[in-house]
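Note that chain A is present in both complexes that follow, paired respectively with chain B and with chain C.
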Partner chain A sequence: MELFLEQLLNGIAIGFIYALITSGLALVYGILRILHVAHAAIYALGAYVGLGVYILTGSLIVAIPVSMAVCSLVGVAIEKFVYFPLLKYPPYVPLIASIALLIGIEEILRLAASPYIHAFPAEIPIDPVPLGPVTLSPILVTVYLVTVGVLAALWFISTRTELGLAMRASSQDLHIAGSLGINTSRIISITFTIGSSTAAIAGILVGIYFNQVYPTMGAVPAYKTLALIVVGGLGSVPGAVLASVLLGISETLLIGYAHIPLPRDALAFIAMIAVLMWRPQGLLGRR
Partner chain B sequence: MSNYILTLGIFIVINGIVACGLNIIVGYAGQISLGHAAFFGIGAYTAALLATKAGFSFWMSLPVVIIVTGTVGLLLGLPSLRVREDFLAITTIGINFIVESIFMYVPFFGGALGIGGISRILFFGTRLREAGFLALAGSLLALSMLCSWWFARSWTGLACFSIRDDETAASSMGISPVLFKLIAFMAGTAMAGVGGSLYAHYMRFISATDFGFPVSVMILSMVVVGGMGTLWGPVLGALLLTVLPEVFRPLTEYRMLLYAALLLLMIRFQPGGLLGEYSVFRNLTRRLVGRGRS
Partner chain C sequence: MLLEARDLRVSYGDVEAVHGVSFHVEEGELVSIIGANGAGKTTILNTVMGIIPSRGGSIYFRDTEITALPSHIRARQGIRLVPERARVFPLLTVFENIMTGLYGLRKSTDVPSRLSWIYELFPVLKERAKQLAQTLSGGEQQQLAIARALVSQPRLLLVDEVSMGLMPILVEKVFEVLGYLNKEENLTILLVEQNALASLSISHRAYVLETGTISIEGDAGTLREDPGVRKAYLGA
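Moving on to the complex of A and B:
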């Protein structure tokens, strides 16, 4: 029972981290209808910048905002110089551009900071929290608190502010939103800023959680998160979060208890194809 | 010619055949596929298993390979009837990852060790080395291109074009999207199978990672960079994207970065491909022809 609870808590943490990455991806897809594979490269970049600033200053409070700012700049630059001019072409054109960006950013990280795994020795000033028969380690508490905080902020922005209203309008129809007086290019940039900042936070959390930062850390999430936003219903942030948490839990529990001959990374795709055959619009998607 | 150049030529030709197959699915029928390497792999594994376990020669196994990959392509093309565009793109990525992990983890397919000891191709009793192999692969590429050309001119091709341009309009004219999408998937994956069979018999050792998702991206990039839906585009793309990494080889460390940068520049400034509508080449030839007329 204790082992099961620990596995479950770890699974939720993994699911929460997936949720942080996928919510940004779902936002971007919602507004531009682009499969932003390079989002995972921004997540890796976030971990690197976070680690670098942490080593320089010794403070996570400084490292996180700096990393968010750098990632936002890169995200907005990608949107302005690569995606926006390609919007009028079929979706595979920006997709290939995005894959080229993913490879390029990974290579830059590898060349700039060596191909080896860096440790992320952050100390979190929180006491372990006892929870029945198990205790929550400081990093688990941080992952839970940060994710819930970020998701709550996203929910608040999108449902309770004028900016959120403009973002939702733009994701329903970019041209009509523009003709109603919404500055759509600004809204797109803000969406990329929000998405890239959450990716930066996710990168730092993953770096601390596994104590590993390496150039290709974005490779597996890049495609797995695509599967997750499909399962959730393309462009639906709540759906993406739900799918992420479900996958995090089921991956951890299945690896712990069932002996499946396939690697855990294939699981996301099998689940995805099963869900798509049953509900082609995704779990919470609308037609 | 040195063996290095010949080997490079063989890879260009094999990639060209596989890219031609993908062009039928994506360029002609408009069904985005990011899992083409899976079919390349299914072809290679079928040929390898037939050669090592049943002692089939290349010539005996080729028809079997075409039938097997075509059938599997038909089965895995079924999702395309249910989902469209971005959903289809991600579904095919999923198919690629699943097929790769089956090759990797099921002992029958050699597991992580792959399959080795695949026989060379015999041509009237002589073993085909580099030059002979290049000639054989080249003629199979010519055959694939002939099939593509015939496909594009046939009634089936016309039906596929209409589905690509407007599926609803096409189906209201009595063209069955189900039938023609599946035909395109079958033809395209069968060509990937031919490429896979050549690959297995040339490398004589294959493993699951040879057919991973990055390979699918590479093949799709070839089709897009060359010019989607054109006859020569995929072959030009295969030529460019196979030769470029070799040209950059002296740069060792910076090789992949430069490759990524070039791919990004090409797709950013020639999104229709080098031979597609409104491309540099098309405009240039049009201007030359126009000047000749006036």
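Moving on to the complex of A and C:
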């Protein structure tokens, strides 16, 4: 029972981290209809910048916003200088460019910070929280609080503000949104800023949680998050979050607890194939 | 002059769809561009709105050139579009769709009074305010598209094929509303229509567009009597 609870709590944390990465991908797909594979490289970059600033300053309170800012700049630069000029071509053209960016950024990280695994020895000033027979470690508490906070902020912006209304309108019909006075190129940049900052937070949390930061840490998330936005329903942020949390829990419980003899990373794709066969619009997608 | 287009040319790829078209709209006028399917009517309106770039010629709004401005700037200067097939935002509620029309204007507008004016014109939108726009019928979506364009009190309303796909009784009602807005609210309207009879009956002036070129222009009343127009567009 204790083991089950512990695994469940870990599974929720993994799912929350997937949700942070995937929601940014879903936002970008929603507005530009581009599979932003390089989003996973932004996530790895976020972990590196966060680690670097943490080593320099010893403070996560400084490291997190700096990493968010750097990742936003890189994300918006990718949008302006790579995706925007390629939008007039068929969707596989920006997709190929995005894959090239993923590999390119990985290689830059390898050149800049060596190919080895770095530890992320962050001190989190929170006491462990006892929860019945088990104890929540400080990093678990942090993952829970940060994810709930970020998702609540995304929900608030999207449903309760004029900016959110403009973002949702732009993702449904970019030209008509423009004809109503919405500066759509600004909305697209804001979308990349939000998505990239969220990925930066995810990178830092993963770095601390597994105490590992390495150049190809984005490789598995790159394709796993693609499977997740298909499962959730392309472009649906709530769908992406739901699919992520379900996947995190199933991976941990089925593989880690029930010891089903499957590679952990296969589950996302089994789920994707199942969804494509029985519910091609995704869990919360339309049509 | 409120709107003037001079020698406007528009292409899709290498194919020119509009070959040097000139027209104008005076303040307070209701002007129609009529013509068959594929004549380039929608292309012209989308170019005036800034959704499609022009290949040549120029557009002036209130005597200032707007040819190179992006569409959101044109919208802020007071041009609004009721697009072909309504194109409401399907996953926003009716109320949210209307509010997109007030984007950036909430602080400078008396929102409640503007909304009650809109709901008075289109009572069905008030009933359905909380429904997603994709659940509306075609006629209701068309009313929502007009409401969304109208709520900011534009200086110029562009209306694209509002009669398309509507039942005849709804077409009559929509044209009645447009005529009322022009007459009583002094709204300037540029209409493009296949339904020449209905649009000529509420217009001051009209242009006839044939495969990207304006062939006839004049008073709506004169055009209705013109034998060529009657034969080609009025079925008489």
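Rule of thumb we're sticking to: the second predicted complex is superposed on the first by the 282 of 287 C-alpha atoms of A that agree within 3 Å, B and C clash if a C-alpha of one lies under 4 Å from a C-alpha of the other, contacts with A are read in each partner's own complex, and residues count from 1 in each chain.
By definition in this document, a residue touches a chain if its C-beta (ideal position, glycine included) is under 8 Å from a C-beta of that chain, and two chains touch if they have at least 3 such contacts.
From a predicted model like this one, the values you see are computed outputs, not experimental measurements.
Because the two structures share chain A, they can be overlaid on it, and in that overlay chain B and chain C fit beside each other without clashing.
Contacts of A:G178 after superposition: chain C is touched, whereas chain B is not reached. By the document's definition of touching, of the two partners only chain B reaches A:Y223; chain C does not. Look at A:L111: by the touch rule set out above, it reaches chain B but stays clear of chain C.
The partner of chain A that touches more of its residues, comparing chain B with chain C, is B. In the superposed model, A:I188 lies in contact with neither chain B nor chain C. Of all Cα pairs spanning chain B and chain C in the superposition, the closest are 11 Å apart. Within chain A, no residue touches chain B in one complex and chain C in the other. Chain C meets chain A in the complex at residues 49-51, 70-72, 74-76, 80-81, 83, 87, 89-92, 96, 99-101, 103-106, 148-149, 152.
By the touch criterion given at the top, residues 29, 33, 35, 82, 85-86, 89-93, 95-97, 99-101, 103-104, 107-108, 111, 223, 226-227, 230, 234, 261-263, 265-266, 269-270, 272-273, 276-277, 280 of chain A touch chain B in their complex. By the touch criterion given at the top, residues 162, 165-166, 168-169, 172-173, 175-185, 286 of chain A touch chain C in their complex. Residue ranges on chain B touching chain A, taken from their complex, read 26, 32, 34, 79, 82-83, 85-87, 89-91, 93-95, 97-98, 101-102, 104-106, 213, 217, 220-221, 224, 253-254, 256-257, 259-261, 263-264, 267-268, 271-272.
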